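Two complexes are shown next, each including subunit A; its partner changes from subunit B in the first to subunit C in the second.
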Partner chain A sequence: MNRILAACAGGAFVLGLAQAALSGTALVGTALADDLTIGLASEPSALDPHYHNLTPNNAAWQHIFDGLISQDAKQRLQPGLAVAWKPLDATTWEFDLRKGVTFHDGTPFDAEDVIYTIRRIPNVANSPSSFTIYTKSIASMEAKDPYTLIIKTEAPRPLLPTELSNLAIISKETCEGASGGDWPKTEDFNSGTLAVGTGPYKFAEFVKGDRLVLTRNDDYWGGKPTWDKVTFKPISSDGPRVAALLSGDVDVIDNPPTQDLPRLKADKNINVYSGLSNRVIYLHMDQFADDTPGVQGTNGRNPFKDKRVREAVSKAIDRKAIVEKIMGGVAVAAEQLLPKGMFGADPALEVEAYDPAGARKLLAEAGYPDGFKLVLGTPNDRYINDEKVAQAVAQFLTRVGIQTTVDASTKSVFFKRRNSYEFSMYLAGWGSGTGEMSSPLRALVATPDKEKGYGGTNRGRYSNPAVDAKIDEALQTLDDAGREKLLQEASDLVIKDYGILPLHYEVTSWATRKGLAYEPRTDQYTSAMSVTQAQ
Partner chain B sequence: MLVYLIRRLGQSALVLVVMAVLVFIGIYAIGNPVDVLISPEADLAEQQATIARLGLDRPLWEQLWLFLVNAVQGDLGRSFVHGVPALRLILERLPATLELALVALVVALSVGVFLGLWAGLKPDALLGRSIMTGSILGFSLPNFWLGLMLILVFAVLLQWLPAGGRGETVDLLGIRTSLFTLDGLSHLLLPAITLALYKTSLVIRLARAGTREVVLQDYVKFARAKGLSPSRVIYVHVLKNIMIPVVTVVGLELGSMIAFAVVTETVFAWPGIGKLLIDSIVNLDRPVVVAYLMMTVFIFILINLAVDLLYSLLDPRVRLSEAGA
Partner chain C sequence: MSEPDPGLSSGAVVAEPETLHAPPPRLSSPLARLALDFCASRPAVAGLAVILVVAVAAIFAPLIVPQNPYDLAQLDIMDGTLPPGSPSYAFGTYWLGTDVQGRDMLSAIVYGLRISLLVGSVSVAFALVIGSAVGLVAAFFGGGLDSLLMRIVDIQLSFPAILVALILLAIFGNGVDKVIIALVIVQWAYYARAVRGSALVERRKEYIDAAVCLGLGTRRVLFGHLLPNCLPPLIVIATVQVAHAVALEATLSFLGVGVPITEPSLGLLIANGFEYMMSGRYWISFFPGVALVVVIVAINLVGDRLRDLLNPRLQR
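Take a look at the complex of A and B:
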C-alpha cells in the first residue's frame, strides 16, 4: 500500500510537468471572487475544539471560535477575547475581557463563559489527546465582575497566558445542558448545533472526509472577515492535491510536495508561499544505557556518553548540504531547538561548521580511531523527506568512520520502537506548541520526571542537572525578560554539551492560485484568515 | 434449500470468528496508537491516563476477549480518533462507496457485455480484434496511474471535470447520495471509470469466450433453423447463457470493488470507506480497521450466498442442495 501511495505522490511530478508545458493556458477558477476553497493534507478529527489537541483540529477551530488570547503568525501573544492581562502576584492573574462580543447565536460573552470552558476541558469524553495539559496548573477561577477574570495557579506559572491561547471559548448559555448530560457532547459540535463561537466564520456544514463549510460572521469584533464562504476539502494524497489546485477545484493547498515546488514556482498561474516553522529536526543519542542496542565494535561501551563523540557526529554532518540538496532549499540549517527571533532562542549560537577532519580527530581522541558501527532510526512518513535526510546523515557519518545504516519505518511503528529505547541514535522532529524555548527544552532534553512533566520525549535520556536547574528557574520567573534570558542560557548549555544535535528547521509551504496571497504561520496552521486577495 | 442455507450460515459464522481473532492479533502487533494519537506536548502522566482509558494497558488476551464479547452484542468498539462507534463511522461512509461501486458495476457490465458479445460474434473482424487488444490494456494499466492520467487530461488540461472529492449530495430516504445531482455525477464519473476499467476488461473476456462457446451449441443452431430472427437468437438465447460466468465473476468482483476501492478513493479523495481505512491504518485507529475488515468479510459472505442463489434462477440445472454437498 505504501508503495502505491508513494507512486501517487510521484504522479504529482508528472502533473507538474504537463502543467509547465501548458503554462500559456489560463486557469479557470471555479469559485466566485469572495468564495475560498482550501485543499487540506489532513483534516480535523472533530469540530469540538476541546476534543483532540492536534494541529489540523486547532487550525480549524480558530475559524469558528476565539481564544482568550490569540497567537499571531509568529506565535506572539495578541489580545483575543481578553484585551489585557497581568500577574497580580506570583500565582494570581487578572484578565480584562472584551466587552460587547456576542456568540454566533446572539448570546453575550462574559467571564462565566471562560470559567465554563476551562471547567469543561477535563470532562470531554473519549478525548484522544486532552487539553488538560494547559489547564492543570489552574487552582481556582473567579469572576470579579462580568468582564474581569481572576485565575489562581497552584505554583508560579509564567506560561499561563500562552496555555490559555490554546483554548477555544464556548458559550455557557448555549452549551449548558444542551446534550442532556452534565457537559456538552463532541457529536453536537460536529453536527453544528454547538459549533457556536465568537470567531470570524460561522459553521455551515461538516461532512467528515468530505468537506467543512463556513460562512462569514458579519458581526465579528475583529473587523469584517475577507471571505463570504470558506470550504475545506481533505485531499490527503500529494499528487491529487496538486492536481486539484492546477485544475482550479481549490484555490489554496497546504504542504505541496517538495519535489513539485520548483515547477509550481515556475508556473505563473500559481503562487507559492513558504515560511519558517517552529519545528526542528534533530538527532538524539542514547546517553543513558551502558550497553546501547544500535552500536557495535566498541567492546560494549556506549560511545555517546562521551561528549567528544557527540561533538564529532555534529561536526561530521554538512547541514547546509542537506538543506540545499535534499530539502531543495526549503529548510533552514539549525543551530538550536527553536529558530532565532522566537522567545528564548539564543541569538549568539551559530550553526555547527562542517569539519570532517575535526570529527575524525575527536573520534580518535575518544578512543575510536577506526570508528564503530551504528544503526540510525528514522520514521519515513512523518517529517518532510525524513528518510532521505537520515540517509544523508548516515553517509556523512560513514565518511568519518562511523559506519551507519538507516533503519526506517512507518511513523506508528517508529514511535513505538523509539519509545521503548530501541535506537542508539534516532532522527525526529519537535514543533514548539507554545512558540517559545521551554517547550523543546522540557520535552527533549530535561531529565525525565513524571512529577514535573519533564522529558516526555527525551528518548536519548540526556540528563544535565545544570540544564534542569535553568529550566526550573525559568518556569518560576514571571518577568518575561528574565525568563527569556534563562531559557537562552539553558539552550546554550545543551547545545555546547552536544546533548542533542539540531539539523534543520522545517519550512512550511502553501500554494495558491494567481491573485491570492498567503501569510505563512510558524505553527503550520492552514487558515482562511491567512489568505488575502493579492494586490 | 433450507438445510443448505443453515449450513452456509454456520460456515460463515466460523469464518467471521476466525477472521476477527486473526485481524485483532495482527493489528495488535503494529505500533502503539497512543504514540500517534496524543499530542507530543503531553507529559508522562497524561500519556498513561490515555493508555488506561483506551484499555491498552491490559494484556492482549483480555483485550481480545472483551472485543469478542462486545462484538457478539453488535458492538465493534469505539474509534480512538473520532470517539464514536466504529461501525457507525463505517456506515456513515458506506453510501459514498456503494454509489461509486454501483456506477462502476453498471459501466463494467453494460460496456463489457456489449463489447464482449460483439467480439465473440465476429472474432476475426478488425473491431473484434481491437476490442480484445484493448482489454489487455485494461488489465495491465495500474489503477492509480489511470486515475492520475484521467485527472491530468480531464481536470487539469481540459478542465471539463473536477479533480476529486464528492459533489453535491441530496438526501434520499435518509441516505446522502450524489447520484441525482449534476454536480454529483460529474464528480462521480472519473473515479467510476477508474474503478470500472479492470472489471470491464474482465467482462469482455468472459462474454467473448462465452459467446464463442454458446453460438456453436445445438440449441442455437436449432433456434436459427427454426427461423428466429438473428437479434432474438443473440439477445435471448446467447445472452442469457453467457451471463452465468459473468454473474459469478462480477458478483465476486462487486465485493472487491466495495471493499478495496481503496486506491481509487485515495487518488480521487473520495470520502468512502476505502479512504477511511487508509486514514485509520495511518492513525492506528485499531477499532475502525478491525470493524472494517469484519464488515468486508461479512459483505463477501453475503455476496457469495446471493451469487449461489442467482445461479439457480439463471440455470435450472443447478440445484442448491448439490452445491452445498
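Take a look at the complex of A and C:
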C-alpha cells in the first residue's frame, strides 16, 4: 500500500518541482509572516499525552504541555515545571515547583496537578504503549506545600528525574470529572477540550490525517515563543514531503529521504540539518530454545545459541559499507547500543571489523562449514532504509555461507510477528527515551521479566545473568559516576558476548527553507521550538 | 424428398467456375493462410519478432547474462547505484548500471522478463483451460447450471482485477507461484464468458445436432466439436490477456505484494528505483520500465493483428 502512495508521490513530486521552478519568488514571500508550517513523516496518533509512548506523540505534546523536567536537544535534563530537585535519601526525592505558572485556561499550576497526572498514567484506556514504565517505581507522592512535591520510590531509583521528564503535566482542575468518568478520556484531548497545558503553544485545531494547528502562548513562563502560529501537516510519503518543501507549501520537513539529501544540500533555497540520534539499528537472534523457526540445514539445532556463530555473523557484515552505500553516509556504524559520549556508553568498544574469512572459520569451528539457511525478518516502513539494509545484510551473510532470504513486511505486521517469535533473526531499532544506556539494555538484552520491566523488546530472548546483575546494580546506584561505570560494564559484557548485533546509529535530518535553522535533537523529535529564524 | 432437384444442381454447376478463382489453390491449410495474412502487417511481425527474442533471452538467461541477480553471493553493495557503463571488478561492464544492492540492471531485467513471461503464459494457460471448460459446460447444458456459473462469472468480473489480486496475495503471501494462482483466479472469468458466448452460437448449428444424434459422448461433442469452433475468439483473448497478466504482475510487484524482494521482477525493479528517480539515478527504474513497455506493446500488436484476422465481422 505504501507503494501506491509512493506512485502518487511521483506525480506530485514532479508537479512540485515545476511549481518550485515557476514560483521562486513565492518562497521568499512566506518568510515574512511569523507562521510556521512543518511537514511530518508520521503524525501523532493522539493528542492525549499519556496515551501512546511514541516519538511523534511525544514530539507533539512538548508544544502544548510541559514536563516536570525537560530534556534539551542532547537529552540532558533541564528545569521544567520543577526548578530544582534532589534526593533526600535513597528512596525519597524532593521537587521544587515553579511558581506563578498557569495553564492555557487560566487554572494555576501546583503540586496537586503533578500528583493527579501521575495517578492518571495507569488509568488511560486502551493505551497501545503505556507510560507506566516511567511511573512503576513510584510508591507514594505527597504535596508538602503547593510548590514542594515529595516522591517516594519502592527501591532506589536514580532515573526518576529522567523518567518524569517523559510525562506531560495536565491540569487537575480542568480534567477532573470533565469526561464524565473517573479519569479524562483520550477523545477529549484529541478534540481540544482537555488539550490544555502550560506549554509554549496552545491548541487550535486537530484534524487527524490533515493538520494540527497551534497558536502562541504569550504568557509562557519560558519567554515568548518564536512563532505566532504553527501548523503540522502529516505527509507520510517521501516524495510529496520533499515536493511540499520545494514548492514552499511547508517551511520545514523531517526525515527527508537519504537519496534526496545530496540534491537538497545543493539547493540554494534549502538548508539541511543532521544530527546523530539515540536510535540504534540492530540484529537480534533467537537464543531461546534448541529449535528455531527461521533456520534450515542445521539438523534442528539452533545455531545462534553458539557464541561463535553470533560472532561470525557480526564479522561477516561490513557496517561501514552499509553506512556508505545504503545509508548514503547519513548514519554512523555502531559498536554498541548507544553512541559513545552518551551516558553509560563504553568508550573502549570499537566497531566490529569486516572479516569474512574469520567469519567462515568461526562457522566451520562451530560445526557449520557449509553454513545454513536463514530467514531475516525486517519491517519495510519503520526505520530509514530498513528493507534495503536487511537486503545488504542478507548479501553479506550469504557470502560467508549463511544463505539468507529477507522477509519484509509493513511495520504493524512485522512487530506482531516478531512479538510472537516468528523470526530467528530480525532487524529492528531502539531509540533510548531516557538518553542513557539502561534504556536499551533493559529493553533489548535483559532477561525478560515483567515484574522488573526487563526485556520488553528482547524478542531474541537473550539471557545472561551477569548482564542482569550489572543492570540491577546500576539501577539502584544513585551516584552518577558509579552508575555510568556499571552501565559501561554491562554494555561491554553484552557486546563481547555477541548477545545482540548493533549495525548503525541513525542520523536524523531535517530540511528547512532558506532563512530558517533547525537544531537537531537526539530524540528525533520534530519540534517548532527547534526552529529559529537564521540570521 | 431425398432425390436431388435437377434444376437446383444445374444452377450450382453454373456458379462453380466463378468461385474457383477466389482461393489460390496453393493455400490449402487455414493455418498457412493465417500465417500469410499475419505477415502482411509489419507492426505485428515486428511484435512477434520482439516476443521471440525476449522469450529466447528469458529461457537462456543464465547463459547469456553476466550475473545471477538472485544469487546474493554474486552481488556486492560496494558496486551499488553505479551509472550505466561503469566497469565492474567481477566481470566486464555494467552496461545499464546497477541498483542499490549492486545488481547488474541488464541481468536483473533479463531475469525479470523471465518472471514476467513465465507468470503471463502460465497464468493465461491455466485460466484458459479452467475458463473454457466452465464456459463450454455452461453453454452446452444451459438451464440452472448455466445461470449459476454465469452469476459467479458476473460477481468475479464486477470486482477490479487488481483489487482481487491484492487481497489474494495479502492472504497467500509473496512468491511467483502465488502470483500465478492469483492471476488465474482473476482471469478465468473472461474466458468463461467468451467461450460461453461463442459456444451458444455454435450449439444451435446442425453439426452439433448431428454429432449428438450420432450418439457421440458428451465429452467428445464438447471438446472434439464445440471447442475447436470456439477457438478463434479464445486465441485473441488469450494473447491480449498475456499482456494484461504481465502488466498486472508488474503492478503487484511494484506495490510490494508480488515476488520476494531478493528476486525482483520488472515491477519490483521499477519500485526499487522509483525513489531514486528524483536524485538523478534514473537507470534503476527507467530501463526495467522500458523493457516492460516494449514487451507489452509487442504482445498487444500481435494480439491486435490476430483479432483482425480471426474476427469474421472484420474479414475482408
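The criterion applied here is as follows: the second predicted complex is superposed on the first by the 506 of 535 C-alpha atoms of A that agree within 3 Å, B and C clash if a C-alpha of one lies under 4 Å from a C-alpha of the other, contacts with A are read in each partner's own complex, and residues count from 1 in each chain.
Here is the rule we use: a residue touches a chain if its C-beta (ideal position, glycine included) is under 8 Å from a C-beta of that chain, and two chains touch if they have at least 3 such contacts.
Source: prediction; values computed, not measured.
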Between subunit B (first) and subunit C (second), which, if any, makes contact with A:E387: first, second, both or neither?
-> second
Between subunit B (first) and subunit C (second), which, if any, makes contact with A:A321: first, second, both or neither?
-> second
Considering only touches as defined above, state whether A:V406 meets subunit B (first), subunit C (second), both or neither.
-> second
Pick one for A:G239: touches subunit B only (first), subunit C only (second), both, or neither.
-> both
Now for A:Q259: first (subunit B), second (subunit C), both, or neither, which partner does it touch?
-> second
Partner chain in contact with A:T398 - subunit B first, subunit C second, else both or neither = second
Just subunit B (first), just subunit C (second), both, or neither: which does A:P293 touch?
-> neither
Dominant contact partner of subunit A by residue count, subunit C or subunit B | B
Can you pull the subunit A residues that subunit B and subunit C both touch?
-> 1, 4, 7, 239
Subunit A residues touching subunit B in their complex are 1, 4-5, 7-8, 11, 14-15, 18-19, 22, 25, 28, 45-46, 51-54, 125-130, 132-133, 186-187, 207-211, 233-237, 239-241, 243-244, 246-249, 381, 410-413, 415-416, 419, 430-431, 433-434, 439, 443, 448, 450, 453-454, 456-457
What residues on subunit A touch subunit C, complex-wise?
-> 1-4, 6-7, 10, 13, 17, 238-239, 242, 257, 259-260, 262-263, 318, 321-322, 325-326, 380, 387-388, 391-392, 394-395, 398-399, 403-406, 408
Seen from subunit C, its contact residues with subunit A in the complex are 71-73, 75-78, 80-81, 100-102, 254-256, 260-262, 271, 274-281
The answer for subunit B against subunit A in the complex is residues 30-33, 35-47, 49-50, 53, 78, 80-84, 92-93, 96, 142, 144-145, 148, 151-152, 155-157, 159, 162-166, 176, 262-263, 266-269, 271, 275-276, 278-279, 281-284
